[in-house]
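The following pair of complexes shares a single chain, chain A, combined with chain B in the former and chain C in the latter.
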Partner chain A sequence: MEIGLNHYLILSTILFAIGLIGVMRRKNLLLLFFATEILLNSVNIAFAAISHFYGDLTGQMFAFFVIAIAASEVAVGLGLLIVWHKRHGTIDLDTMSTMRG
Partner chain B sequence: MFEAVAFYLFAFLTIAMFFIAVTTSQALYALTALAAGMIFISAFFFILGADFLGAVQIVVYSGAVMALYAFGMMFFDTTRDVKEKNGNKYIVIGLSVISAILVVAIFSAPIVSENITALYPMVEGAGNTQEVGLVLFTKYLVPFEVAAVMLLVAMIAGIVLAGKDMDLSLTLLDDKEIEEIKNKKMKKVL
Partner chain C sequence: MELYLYLALFAPLAGSLFAALFGASPKTIVAGLVPSILLFVSFVSSTILLVHILSGGAVVHVEMMTWMATGDLYIPFGFVVDQVSVTMMMVVTVVSTVVHFYSVGYMDHDKGFNRFFSYLSAFVFSMMVLVMSDNFAGLFIGWEGVGLCSWLLIGFWYHKESATWAANEAFIMNRIADLGMLIGIFLVYWNTGTLQYEQAFAAMPALEADILTLMGIFLFIGAMGKSAQFPLHTWLADAMEGPTPVSALIHAATMVTAGVYLVVRANPLYDLIPHVGIFIASLGAFVALFAASMALVNRDMKRIIAYSTLSQLGYMFVAAGLGAYWVALFHLMAHAFFKALLFLGAGNVMHAMHDELDPFKMGGLKKAMKWTFIMMTVASVALAGIYPLAGFFSKDLILEVAMIEHHYIIYSVLLFTAGLTAFYSFRLVALIFHGEERYKLFGVHPHEAYKFMLIAMSPLLILAVIAGSFKMTYFEMVTAVLPATEYHVHSALAYWIMTIGTQLFVIAAIAFAYKKYARSGITVPDGTSKMENRLCYKILSNQYYIPYVYEEYLVKPYRELSTVFWKQIDMKVVDATVDGIAGIIYGTGEKTRDMQSGNLSTMLKWMVAGTVGLLSLAVVFGLAVRYSVEIKAILSGLGV
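Let's look at the complex of A and B:
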């Protein structure tokens, strides 16, 4: 059975849905970051698959830039989390609703 | 045949690992499952012929990003169980399904139209790394440099936010307190 582009896109969609579920149900901010990484990786699979099946390297280029953005997001996000943890002693999302909106 | 077996095997493993990563209540299990899932995803890149992307995936994600997360988990209190949101399950599931359908529609629209031509076609007789270098350093040179500047900014931000003097934070102190520390140590804090 031949593996086509649709197989990879469906796999990417399933992983994206798993990441969305993680984003919606996690309270701990560190684990929320994990779910964000899953979202970025699922998009990378779709980019690489489209790049392969159309013989075009643009998809791989976009995947590289997505990886670079993910790396910088982790660096800045963890720095901000450490600042928040020093001030409040917790990284739960509920403690961040200081405005009580 | 071999490709199909590899695809289904790694698809099952990746979905299982990421499912564990988003559903477990132990932060350590989530970290290890996420790292395993990242490595399994690089297998798809190798199957698709994007060797350089697969190597970058292993180096950056399971090397750098996972090390940063491990550092973060050592810093935070992750031994206790993670609480989870008790929101309305139907809203969550409905939103997920709608988003997934939207993604399928976005990605399948060009397949239906069937009129895509390769903008930067792959070079015959060159390895994947060579092709990537050819395209990255000609057509995508400016985005490449911008990404380099962005990584530099992120690195400086990380050092300033979480750098030395881990017991006190320059971003949380008043100007007066920083002046006191400066006078006490008789040297610059930064």
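Let's look at the complex of A and C:
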């Protein structure tokens, strides 16, 4: 069986769903970051696949942008996470409720 | 000449603003003197303008600035000094200058001294705008301005319940009439396309008679309110709650004559609709008699004079209605002088008697108040129309006009009223100044007013005596803009019979008043005497029960209706709707508050839900666009 565009897109959708469920269910901040990474990378897969399908490099270029931004996001996020852990000794999401209205 | 026009117009405003600066501070004599002096400046400027017009100078017409200019509508702030408005300016500035100087003494002990002068000067400014405007819109501004100032001044002693009530009554009555006036002005604009007097009147002869009649009637309704003609007359007598100088200036000499001025100003219109003129004249004659009859029995000094004003306004409307505009304006001028004098004299008496108004409690004041006695007597003689004082020339002329125009009923009514006028005027004079000194029973020690107040009144005294001699000069002046009809009875014999007959009748009325009220042995009526229990006395002293009827059949039902509307419609529909909207918003906020739990994971769930929602919308929309043709076919198949 030839592996075509649809397979990639289905993989991308499955990964996106996994990431989305992770974002909703995870209580650990670190794992939340993982879930976000899965979300971003599912989109990257879709970009790369579609770009290859049309023979247009713009999609792959976008994928690189996303990777770059994801990397910087993780760098900032991890820094904040460490500071938070030093202050409170925990990275459980349920303890972060200073924004309560 | 433009400079003098602006000086005459804006000096009172400057005075008003100056006095207003001291509005909240205790009495400062400067706050009274500066407006008075500025009014004197206004008076001098008006005199210069009068001399200019008299010596054949051109009409002064200025356009200060554009007020409204949209599409076809163009209304400037324009002012005109012609023969008619200069007459009014003279009347207004003379009387108001006198009243201002007089008030410096009269309001001497009043806490609101500064405030009083601010209002009074503001009134004069509004009145000047009213008479000097060259279009209906400016006239209307002045019209409302004098109404406002009249409200402020009637209710000047606002701590008195009766004063605030009277002020509101005057204001509301005038509002009813002003609606008519506004409709009249709208009609003028719709049909002539302009509000400038000259162009509007020039366009009128081409219009249909029905429209002109409507215009005339609606404008006259406005005049009826301001000039307190029946059935809108009740406010004028109640307006006597205000300080006496106010009654002299506003409710005798100037503001109430604005209605007459309006009819005179609109003379090209009223000339085209003589049937409305007849109505005006008939109403005027009716009011003259009606008001005079109420003055016969009244026991309030100021109200008697107020009814007399009403009656004289009736005379003016007779003249204006019959097309004798210059006669109406002449009587307006003469009346302003002697009636203001009469009111100011009454003010002196009130001061001397510690605000007592019942002339039955006075008597014999001529010894203590010689000058006031002389002035009030002269004013009353002038009012009664005895030769050679002002009233003789102007009032007799109105009688002649009625005779020559063949309105014999109006003539007899007016002749009879002239007798009543003489009777009630001298009833008042006799009760106040002659007879026994009844005031001693009440422990009052009357004193004459300050000398400068008497001096301030003297110009009016002189004018009340000599105003009649201006008749021919005046006639030549105003007939440049008003119809120049000279009224002469055809045969000299008839003229002399009429004049002498009227004079004898009036003198007889005066003699009767003196005989009845100047004798000794008059007691304060206590409701037991035979006369007081007669039906006609009761009807007259209760003002024909008209205030009672208004209260019972208009005010009370209206109040009931308002209560129903308030409780049923305002509370249950309007308020409920507004409260409901507020309640929904508040409730939504209260319920969705839980979303802001501050828990990151809950927020993320909401975010995902939002994303899913938006995505599904996008998909649905995309599908709808893609299959729009099919959807339309299905919908048309369903008959939508």
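Everything below uses one rule, namely that the second predicted complex is superposed on the first by the 98 of 101 C-alpha atoms of A that agree within 3 Å, B and C clash if a C-alpha of one lies under 4 Å from a C-alpha of the other, contacts with A are read in each partner's own complex, and residues count from 1 in each chain.
One rule holds for everything that comes next: a residue touches a chain if its C-beta (ideal position, glycine included) is under 8 Å from a C-beta of that chain, and two chains touch if they have at least 3 such contacts.
Everything quoted here is computed from the prediction, not taken from an experiment.
Engineer: Does the superposition put A:76 against chain B (first), chain C (second), both, or neither?
Structural biologist: It touches chain B, and chain C stays clear.
Engineer: Does chain B (first) or chain C (second) touch A:39, or do both, or does neither?
Structural biologist: Neither: A:39 stays clear of chain B and chain C.
Engineer: Could you look at A:55 and tell me whether it touches chain B, chain C, both or neither (first, second, both, neither)?
Structural biologist: first
Engineer: Counting residues of chain A touched by each partner, does chain B or chain C come out ahead?
Structural biologist: The partner with more contacted residues on chain A is B.
Engineer: Which partner chains sit in contact with A:96 here, chain B, chain C, both or neither? Use first/second/both/neither.
Structural biologist: second
Engineer: Contacts for A:24 in the overlay, against chain B (first) and chain C (second): which applies, first, second, both or neither?
Structural biologist: both
Engineer: Name the contact category of A:64: first (chain B only), second (chain C only), both, or neither.
Structural biologist: first
Engineer: If I apply the document's touch criterion, which positions on chain A are contacted by chain B in one structure and by chain C in the other?
Structural biologist: In the superposed arrangement, which is not itself an observed complex, chain A uses residues 20, 24, 26-27 for both chain B and chain C.
Engineer: What residues of chain C sit close enough to touch chain A in their complex?
Structural biologist: Contacts found on chain C: 593, 595-601, 604-605, 608.
Engineer: State the interface residues of chain B toward chain A in the complex, per the touch definition above.
Structural biologist: Those residues of chain B that touch chain A are 1, 3-4, 7, 11, 14-15, 18-19, 21-22, 27, 30-31, 34, 37-38, 41, 44-45, 48-50, 52-53, 56-57, 60-61, 64-65, 68-69, 71-73, 75-76, 78, 82-85, 87, 92, 95-97, 99-100, 103-104, 107-108, 111, 116, 118-122, 131-132, 135-136, 139-140, 143, 147, 150-151, 153-155, 157-158, 160-162, 169, 171-172.
Engineer: If you look only at chain A, which of its residues touch chain B in the complex?
Structural biologist: Answer in residue numbers: 1-3, 5-22, 24-28, 30-31, 33-35, 37-38, 41, 44-46, 48-52, 54-58, 60-61, 63-65, 67-76, 78-83, 85-87, 91-92.
Engineer: List the residues on chain A that touch chain C in their complex, please.
Structural biologist: Spelled out, the residues of chain A in touch with chain C are 20, 23-24, 26-27, 93-94, 96-101.
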